[in-house]
């Protein structure tokens, strides 16, 4: 059977990769779906990268790390929490296990009788999306927090410039302002 | 004819019940529609309960208080204020009177030539949704602020646990994070 | 507990009323929710009446027939069948029984482990929405197919004129054509 | 004050232009808003041109015909007829007169107490959108049915090729099929 | 060819007018489209005026200033930044130049190979939407920051009252609260 | 680089599989994304299977056929053709080649300067979605038109029963009828 792990992956960092490695190692015969949440979002301070760019990051990192058995699926938000489990079940291939550290995700899936596990977060001080986005904007040390394959991809799409613009511009960022 | 009273009722508390009692007493021959606003929202810190759960709370409280002549109608948000009155008119049975303490609701309905009344708020310090949600999350004294029928219903759906989770989790709550 | 009966009720006719009467008689201690489907639709050939107008028809017919224990709840469409049950569960007060003659509704609710019953349709040749809408448009004998309280309401809102316009105008009806 | 004239203008043809000329001549001191309906649609058999392309057609035709005093405003569909008037009122600059031959548009605006006029259709056999779209697809005589400025614009965007493709492809046209 | 200038124009102030004057003077043979962003918003603290009211303000100000060659087009938000350029291109008549001081708008249009210019902001301390909205709410000196034609229009629609209500009411403004 | 092949895959049949095999063989060093179109649809006559069920069919068929190098990505519809390419580009990982026999898909991607190829359809008389759905509903010979791995999956989810219900029920299928 399959497990799922949902995140926004803005960007996909080394903490994510380590969790994927452990989940795959613990249940090698299960498939794993990496659900790319808030897939419709991009070019905002919280969600700078498109779903497609996040897919590419994850794909490159998994190939470089020789982790197989994973599928990557974008999940656009619906705004209705009470229907979220039904929505994810209809969108993703069949799964019976959910990996999450988000208490609401846990609550919603447990109410629907899924097995839910909370994989230990890895070095949360270093591997945390908001911090890495801030480092990208500040041209700081973001490279050490992401897999090398992600670092080179982020450079190829000028991610530091994008983040600097998105985090520096405050509330004047929404296009029609 | 009918009046309408729109609220989010997160949860339906004793202040709401008292307003309903007074409105029904003042015009016993009029029907009253309780519009459950933001009906599409649930499992968030601001809107923890589904429209259906809020319907149930109100229904139980009215039965226990022997208040009749009310209908309960969920009203999902539209995001367009300028069309809100036309939307509510199309969704609800005919009405000619609006009870509200919300100045924007008053403005919008008055522009459309409805009679608008502002029923006095009852003991706002005790009967206020945000405070009651905080008390639920803190396992404080929320019971004294809601009708007994609502209190027992909230316990039957583990509302204190849900609120603790929703208010304690900060910005890590949106499912796809 | 409660049962639900979902229909579009365009208009609410004597066949609907008879089904409601039988359902209420068979389980007098259960509540019954009448879900007004496609609630967002109105002023089309298929859905001429607003959700509010349909609420009013049903309410008047139930009062005249002295049927109590019913709640009327508008249900706007979502376009995602796989999530429809979760959506209805979140929108309506708690229920455990579904009355329907629609095979898809049956399938979807049975998959979610609800009890589903199919109340016998009453004199379908006479009591069928499309036929009654055509009679309204043709100024034919629609009155014998609806409860008297609905007939007088339909006249008060000039329903025959509206239907004649909506059914006669073919594809030139969509406002921005 | 202003009048409005709403159409889909797929394409803007000589019948439309003649109506605009007459309306402007009859009330030269009034402004006229040409509302481009179904603005979100394009690249379908019914709605081959984008709102922007339709704006351009109208603009060129009005300049060539030396008709002034008009504004062109795209109107995306909402799917809720009962709110359509409120939506149009909020989207367009103030107006008090509606020109339409659509009976539903007439009904909806009259219910909202607008003055509604039905300008005589001009040579409907020649000047009818569906017929012109068919002529475009068939490389027939579509040129005589549109103003010369529109004809040259349609050629500049390869409209006959687009229509041939859109009308010839039957139900295999929706992108994700 | 045409340029576009996108803003929310809440309200259209003298800084906006001066930018329009300069852009028109610099390229008198080009048309200019004023895109009214967040067109679906109104009656909020950030977006108090409907798209139609903003159209009217701009129209009156341009007439009074004898600036011609402009079209005014409402642009409802889509929430997907990555598709925003394609959306604007489909909605507006053809353009090849974008005037903006918004860095994200610049980034998105440059990626799509449009010429982007940043017209100098005019006396930003005086001519800034948020400040003018606050002055309206406080019955302060907002008149000196908008063209006289806009000032008299704002008075005719009781804008100071509306803003006082919208800015004063805090988070109790959303209709269904 | 990558190519994409978009279809609805209702169901994934042997013609689809053969096209995938040929595309992979022709460019073995390229990745291929199978875009599952109309991903939000399910339980209708045209779109009986959820996106997740379609993902599972494709996944099983590719494993059984030992075809690697493919990713499967659901693509919910947007209703705006003019923005469809930008939407797909943002949702999917980077690609530069499009495989399609849909003339509109071809037109839209060619306008955006993608390489577009039309892989020959394989035995269209046998391998056609609508025909296979009809055979499923009629308990006819659908098995010979799908890969064995898909056939056994379709049986495991009672697909013939579902199709019989969906195709047999005519217009009484929409849940709230």
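Every chain is named by a letter (A, B, C, D, E and F) in the order it is written, and numbering of its residues begins at 1.
Going forward, contacts are C-beta pairs under 8 Å (C-beta built on N, C-alpha and C of every residue); 3 or more make two chains touch, one makes a residue touch a chain.
Being a predicted model, the structure only gives us computed values, none of them experimental.
Within the contact network of the assembly, the step distance from chain C to chain F comes to 1. By the document's definition of touch, common neighbours of chain B and chain F comprise A, C, D, E. Remark: chain B and chain D have CA centroids separated by 44 Å (rounded to whole angstrom). Across the assembly, chain F contributes residues 42, 50, 80, 82, 89-90 that each touch 2 or more other chains.
If you check each pair of chains against the touch rule, the ones that pass are A-B, A-C, A-E, A-F, B-C, B-D, B-E, C-D, C-F, D-E, D-F, E-F.
Chain contact summary for the complex, chain D toward chain E: residues 39, 42, 50-53, 55-56, 59, 71-74, 76, 89-94. Those residues of chain F that touch chain E in the complex are listed here as 80, 82-83, 85-87, 89-90.
Across the interface of their complex, chain C is touched by residues 40-44, 50, 162, 165-166, 168-169, 172-177 of chain F. Here chain A touches chain B in the complex through residues 6-8, 35, 37-38, 75, 77, 79-82, 84, 101-105, 107-108, going by the rule given at the top.
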